[in-house]
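The two complexes that follow have chain A in common; it is paired with chain B in the first and with chain C in the second.
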Partner chain A sequence: MDFGRRAFLQFAAGAVGGSLLSPLPWQLAADSARWSQNWSWRPSPERGEITKAAGICTMCEGGCAIQARLVNGNRAILIEGNPANPLTGGGICALGASGLQFLYAPYRISKPMKQTKSRGDVSGFQPISWDEALAELGKKLSEMQAEGDSHAAAGIISSRPSSMADLWLQFFTAYGSTNLFRMPSAADGLKLAAQLTTGKASPFAFALGDAEYILSFGSNLFEGAGAPSAVFPALRQWTQGGKRSVKLVQVESRCSMTASKADRFLAVAPGTEAALAMGIAHLMVRNGHYDADFVKSNVFGFEDWTDGTGKKHEGFRSLVSSTAYSPEAVAKVTGLEAAQIDQAAQEFAVQPKALAIWAVGQPDSVNGIYHQLAFAALNTLKGNLKPNGLVTLTPEVPLAGLPPVQKQEKADEATRNGLYGFLDSVRAGSKQPIEMLLVHEANPLYSMPETKLVEEALKKVPTIVSFSSFMDETAAQADLILPDHTAFERCDDVVGVPWAPFSYYAVSTPILKPLLDTRHTGEVLLSLAGGIGGSVGASMPWKSYEEYLKFRVEGLAKSRKGAVADKPDVQIIKLSAGEAVKPNFTDAAELWKKLKAGYCWYDAPAAIAGFETVSGKLELACQSIGTKGAVADDKLYLPHFELINPSGDESEFPLLLVTYKPSFTAGGYLPNPPFMNKLIPNSVLKGGDVFTELHPDTAAKLGFSQGELVSLKTTQGEATVRVNISAAARPGVVYLPVGLGHKAYDNYVQNKGVNANSLTEVQLDPVSGMGTVWACRAQLRQV
Partner chain B sequence: MNQEKSSSSAKKPLGVIFFLLGFVGALAVGWVVFPNLLYSKKAQPIDFSHVAHQSEDCESCHSLRADGTYSGIPRIDRCKECHESAQGSSEAEAKLVSDYVEKNRELPWKVYAWQPDNVYFSHAPHKGQGLECTRCHRDVSNEEKVPPYRENLITGYSISTMKMVECEKCHALKGASNNCEMCHK
Partner chain C sequence: MSEKEHAEGGVRFGMVIDLDKCTGCGACSVACQAENNISFRPDESNKLRSITWMSIFQLNNGRNYPDYKYAFLPRPCMHCDSPHHSPCTFVCPVNATTRDENNGIVTHIYPRCIGCRYCIVACPYHARTFNWWDPKWPEPMESMLSPEVSTRMRGVVKKCTFCQPRLLKARSKAYKDGTDPDKATYTTACADACPAKAISYGNLRDPHSDVARLSKDPNAFRIIEKLNTEPKVYYISTQDWIKKLSYNAVTQES
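Coming up: the complex of A and B.
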């Protein structure tokens, strides 16, 4: 019997037939389908009991109430708004909703790291224990202090108002260094303008919900930038009953989302918003359309004035009445029609509840101080700072003050605003070199305009310590990383909402246990302080960060002010200034319990009780500017339009580059998580290429077509971008979104577009030293 | 030609034998060898006796939560309610206390009825239809020791993981929908 080809085929036919009558093929087919459910890259949510944990989002300064959905109490699967909060009403922004992508991100730093190779080489990071990391940092800080080099320690922290920022200040003050800086923010300008005009160091706050006519100088309300929790309740109030009760006039150079939703869009040349404000003031004064009673009894410097030495000075009336601010002159500067300026001035003057706002939702372009004063002057002329007016100052949350710092002097406020000045001097190699830079919840190497300055300055600092939970651009350049918990794993708080007139405080409790070997930076500071001892240890006596927060809340409870919004129908935004709010807590323990449950504390806006200026009045002529240095010209006391020219040659760089903050980028300390990247339209980012927005006329003049790759060169740098021809752009100006172009993190975050901050230029405000950003000279050419 | 023909007819019975060899061999492999090769026997972390815990009905331990989701196998906190320290002298209980209760670790039970993630199954509507647990699960009322878990080497799921056809049959019988999105959402 030979087993030839034929026999084999007969055998095979039998085997096939037999197999088909056995479970084998069917089982394999079914199993292959089930096997596909085990692929490691296929998300497989943990199964178990679903619970909810309330918290407060601290990823920006908005302080929105959130709740997390958890499986078995340890795996977070969803962040959503908490409807129990009357301010946000269950709303949440795209960043908040994507928050878990940071918690579970592969670019989290899992344990303390030390750089063992050259700086910037991420492969050189070697894990070390917390004991080693703290000992190394503590030893260095103690040595520096013992040698009298306390000032050689510097810090850059988040601009977000929180008890953490106060703890940092306490640490630096006690340690003996004034070199603690907060990241620049729009609130800096509002604070300085308020300080110069009212004498109080609290940013201006706007009652958006009560206004009936809003003249917005570049405030991107609908982009939701800044603090959506403050802006959106007001927007909701505007559209109650399906009819908009507010007229919104948007002044800016690009037709932003807010401009497109406004009742009128005044497209001015970039940076000339303040010229329009002065033009409107000119007409109000000329026509007598201002609150003469308020100005007469409460305002200083409207008329010509005499200073303490008997020297006479020009007043605001005289300055603003000059022909430089006539509608014709302003029309020329801004590019508007004189009739448009007339109309805006007429409407603003006649509307009883008209409000000028600026810097709200505008984190990335900061006006110089005189421009901020010009916007503020419109509110002064309207009498908006009267009791129950539309403008107040951000009220202070009456938390327990920190114990007086022993030995060392308190850092002066001005130093803390001047981050750009500080970086400039570090880059130049100042007399007092900086030995160590501590960076917490900030990514200056990415998010500060003119990143080149930060890059060069950081190269001069021998030791950089990062507290970042993520391998961001700045952490990658650090020598030592002591990773913090993420916003969802730690105790934190929110002290006030920017630009909101009411008082707000919330405690953010962890929604789950820390996933990695990270440590709360507050606890790290407390343990460092204990290790350094002396005045530093004595000034920070708390055993844990939670104990420190409890201590602060005790002060809030003792003040017997405000109440906890434990019902969603509490009308926080409708409270009028000085209105009495009856406390609904008996003691600190009860208040702490309610705050920990995710409810917020609130109080009515603070009525402006008197001004603390030199004159005791609201100052249009800001006398305190004189104390900051010699004032050569009378107009330097007064609001006026003065554009700081960008550097570079106009013939080489014929265009202006202006950056804008769209609603779909994160922008600040945090990068765009993948969920948010899904929101970016193809006209802004396609693949790895970002689009620069260009007016059809400019594109025609340069001979560019839609989607073409071009080289965008500014005085600061160069990048390859694509052209998006859009009528939203102003002729002669090119626009670039901020929040893209990360180089760190992981494949899902990095190399998407260009970091606009690396192309922009910062100019120091001559009065405040504040970094101002409005435009940069640029050229586009074919590649 | 004739020679070839006779040669061919002579091989016919032999051909049938080859065919049958293949046929029977495949049947044997398919029905006996393959299932034994496909499944490996795995022991549960401890020997659990359902009999010893049957003072109440199934649902006192395997309950539905308030939101209608099924709680599955009780977690270690539930075990701790009685077994904070050993009550008897059994080896299984000693292991439970020393390895899991004292260390506050969850027991890594292998679940016989675990469905893949692409199946959306809720116990609540099935219970609402009055189905007995034993309609789908083994009867544990007399079980003193949990059976070994027979794990499919390809899929990692249990041999007793219910197949789609069984779901469909019952749905058809009861007049419930057999639309794809009933179970695959």
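Coming up: the complex of A and C.
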């Protein structure tokens, strides 16, 4: 048969044309597309029944209501806000939304660990059983107590207000040690200022939902995080339909997000915010624009005063009226124009509902006590501390109090200010050495400024016990690790929200069974207490943490105070002080059931009913300062502006380094989860390099260009960083974000930038020993 | 939205984002990642490779200290409503991405996508991302993957879908309940998550909805409107400098 080329080509064309008309090639194309999406290594998440579980996020002190989505009740696939909560309205922050990345983190510690090699060698951790771990820890604690060395046990715990913190306090008190410390937080300063001026040991609370004019001294209201439950409900209210109903004036050195959103931004030199406050007070007093009636009847120390011994002292009026606080003088100190100070004072004085706030949303105390008193003085002059005023004190939640302990010495809550002083004395090798340090829900080696201090102090402690769920920087240095459940696996509670005037309580129950061989640290404490026995065991009689929380909630139910917010439209932030809230629960069982279902308990703000100072009045001249010893200068009783000088020679370190907390890094205890890493812009982090922000003029003077690698050196340390030239920076000041520079966890977290805390220094406040971190001297050099 | 040669439903899902309220906290971006099984890598600083469906741009007013101001602009897919085709659906050679005219959502069928990335080139908002590599999750984190949203391997394009799986769930529920699925409403993960309540989501054609009302706000605007893409995501801002920046271009976030 003749089969020529033409025939062949015709046949081929026909075959191709024919098969194109058949489903074959199209089906093959579709099949291969599907096949390429179904490799064997493609994760196929298990299907099943989808359910929701309500809870409370305990990853920061915000205590936001959340709900989790679960598959088959044992696999969590989403954390989202709980729309039933009237404060958050279903909103959640980036950290909360990433919550599962901690539950399922590859760097979780799966069971108790004992360090068998040298300290810090992560490969030396060997798993041990819970029985072994508890026996070892219990034995050591019992031995120390038997030898009369109870004080040699120290603890560092989270600053988050919870029943867990109260249990720790109970344990330490019963055990006989006063060395229990909470991680420093900005609320410490608010508490101390309140204590000195009102005599009550409870932090100031600000009615953000009621104020019409807010003078914010460095508060990060819009920085995205920092107790969203207290701040965001107010923020949502402020901008409705393109109109801002509240006027916000922001005072700080850097053009932050809050400064960008403020109606007015008063850019001041770092640390001089209190000078502006004094300048405003100066004008208010000079022009008579203050609540004279309130001051006359309720305030002590406005006029010159006489103390118990008959000695005469200068009062606030005299101090603030000095020319040192005139608009011209304050303008010089702050870098503002005198006219701006006049305007701010005029507005603050004239607005009926004007409120001065500070420390809200800040992770650290950036203001020494006298500066805090200066901000507080503005509220005093304004009459904001009247019973239904814009400033109240954080109310106590009427939970059942823990059984009284036999020991006389109470691990004083005020010692939370003394953590820096404590670490200093440990480092120096004090007469009472610390044998054992227990660390829970805290990562001091990373989160505390002046890292060198923490490092050197820890070296002096023979036994470090960590309860961390994660191999963080501090856990890596531990000798024994008894891992806690993560936030969503454990029973926990939130006792009050910082800065909020209303009372708040919420309970978080586990959304699923614990994934690993971890144990609730509360139950570990109960178990240890039982083992040590005696007064310790008797002071902590509960068999489980849930039993303990139920016990506390019984007190709440018995108080017949407050109500459960079981409807999303309850206007909690609009409650005025002392307003009656009718309980909508009959007994403890019903209350517990509602709390477990994810509803929060709330009550109206507590009206300030009298002051417990030496004078019985609100004190501008804080007489209790005198009880700590001889006071050399009258002004040491009064609010005044005085910067605690950072160390270092100005000629060697001509710049100031100020750290800031951006919205895209996780604050405090937890590291950045991978989801949040995507939020970090290239102007802050590129690869492993963090950028320090400086003004174009500063960069030009130093001869640096955008992105250049430079050495940033302070008296605390040195790091290689890149330059980000930005007009957000104040000339002469360089800024570094906190939240980066981890050295532990895993490669999703590690080695991104520098831990700003390792470069900063802490100034110890002369009156209280409270640490402030406002700035340190720095230099930038070409690398 | 003007010429209608194809049938259109009474539903057109859209979004309004109030930039005055937005604090740039990133909750929307993270909630989207968690809802949609979005993968992540150890180093996310290469923003051309970093996968975010809700990206957050940083804008500033270009002025000197202390008048410098900055703002954040969350940008999901705009689900452009330009007549007949969105820029991306127009160029797709295999019809992997089409606009569902029943509700206006621009959808994407992953197995059909051949990875030519023509749609990425076409999108003026840089809303689309591509899987250059197989995504890898650290083993324990595979447990948090949702079975309701597909996981996507290398070679396909993906973008914000206005949480279409949530819409399908709402429609299924409507079927079960006996109500009209076309009238089923739902919200996106980003709108739910926003703690400032800056994101509103709903049916632009429903005169009673928040989005319909807010999209007509005198301060409402859309990005690069002059391209006639008819985006269904509106922004509100009282700051003129933000509006001015929206006229021109969207550059990769710094």
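Here, the second predicted complex is superposed on the first by the 731 of 783 C-alpha atoms of A that agree within 3 Å, B and C clash if a C-alpha of one lies under 4 Å from a C-alpha of the other, contacts with A are read in each partner's own complex, and residues count from 1 in each chain.
By definition in this document, contacts are C-beta pairs under 8 Å (C-beta built on N, C-alpha and C of every residue); 3 or more make two chains touch, one makes a residue touch a chain.
Since this is a predicted model, take the numbers as computed values, not measurements.
Contacts of A:V16 after superposition on the shared chain: chain B is touched, whereas chain C is not. Residue contacts after overlaying the shared chain place A:E223 against chain C, while chain B stays out of touching range. Of the two partner chains, both chain B and chain C are touched by A:P45. In the superposition on chain A, A:R34 makes contact with both chain B and chain C. By the touch criterion defined above, A:K686 lies against chain C but remains apart from chain B after alignment on the C-alpha atoms of chain A.
Residue contacts after overlaying the shared chain place A:R6 against chain B, while chain C stays out of touching range.
Judged by the touch definition given at the top, the superposed model places A:R730 against chain C, while chain B stays out of reach.
By the touch criterion stated above, A:Q101 is placed in contact with chain C alone, chain B being left untouched. Applying the stated contact rule after C-alpha superposition, one finds that A:I79 touches chain C and leaves chain B untouched. Between chain B and chain C, the partner in contact with more residues of chain A is C. Counting contacts as defined above, chain A residues 30, 34, 37-38, 42, 44-45, 47-48, 50 meet chain B in one complex and chain C in the other.
Of all residues in chain A, only 1, 3, 6-8, 10-19, 21-24, 27-28, 30-32, 34-35, 37-38, 42, 44-45, 47-50, 72 touch chain B in the complex they form. Interface residues of chain A, counted against chain C in their complex, comprise 30, 33-34, 36-39, 41-48, 50, 69, 71, 75-81, 83, 88-94, 96-98, 100-101, 103-106, 108, 222-225, 228, 232, 235-236, 239, 241-242, 244, 255, 257, 259-261, 265, 267, 663-664, 674-683, 685-687, 695-696, 726-731, 746-748, 752.
Contacts from chain B toward chain A in the complex involve residues 11, 14-16, 18-27, 29-31, 34-35, 38, 65, 67, 69, 71-72, 75, 116-118, 152, 154-157, 161, 163-164.
Those residues of chain C that touch chain A in the complex are listed here as 18, 20-21, 23-27, 29-31, 33-35, 37, 40-45, 47, 50-52, 56, 58, 60, 63-66, 68-72, 110-114, 134, 137-148, 151-153, 155-156, 189, 192-197, 217-219, 236, 238, 253-254.
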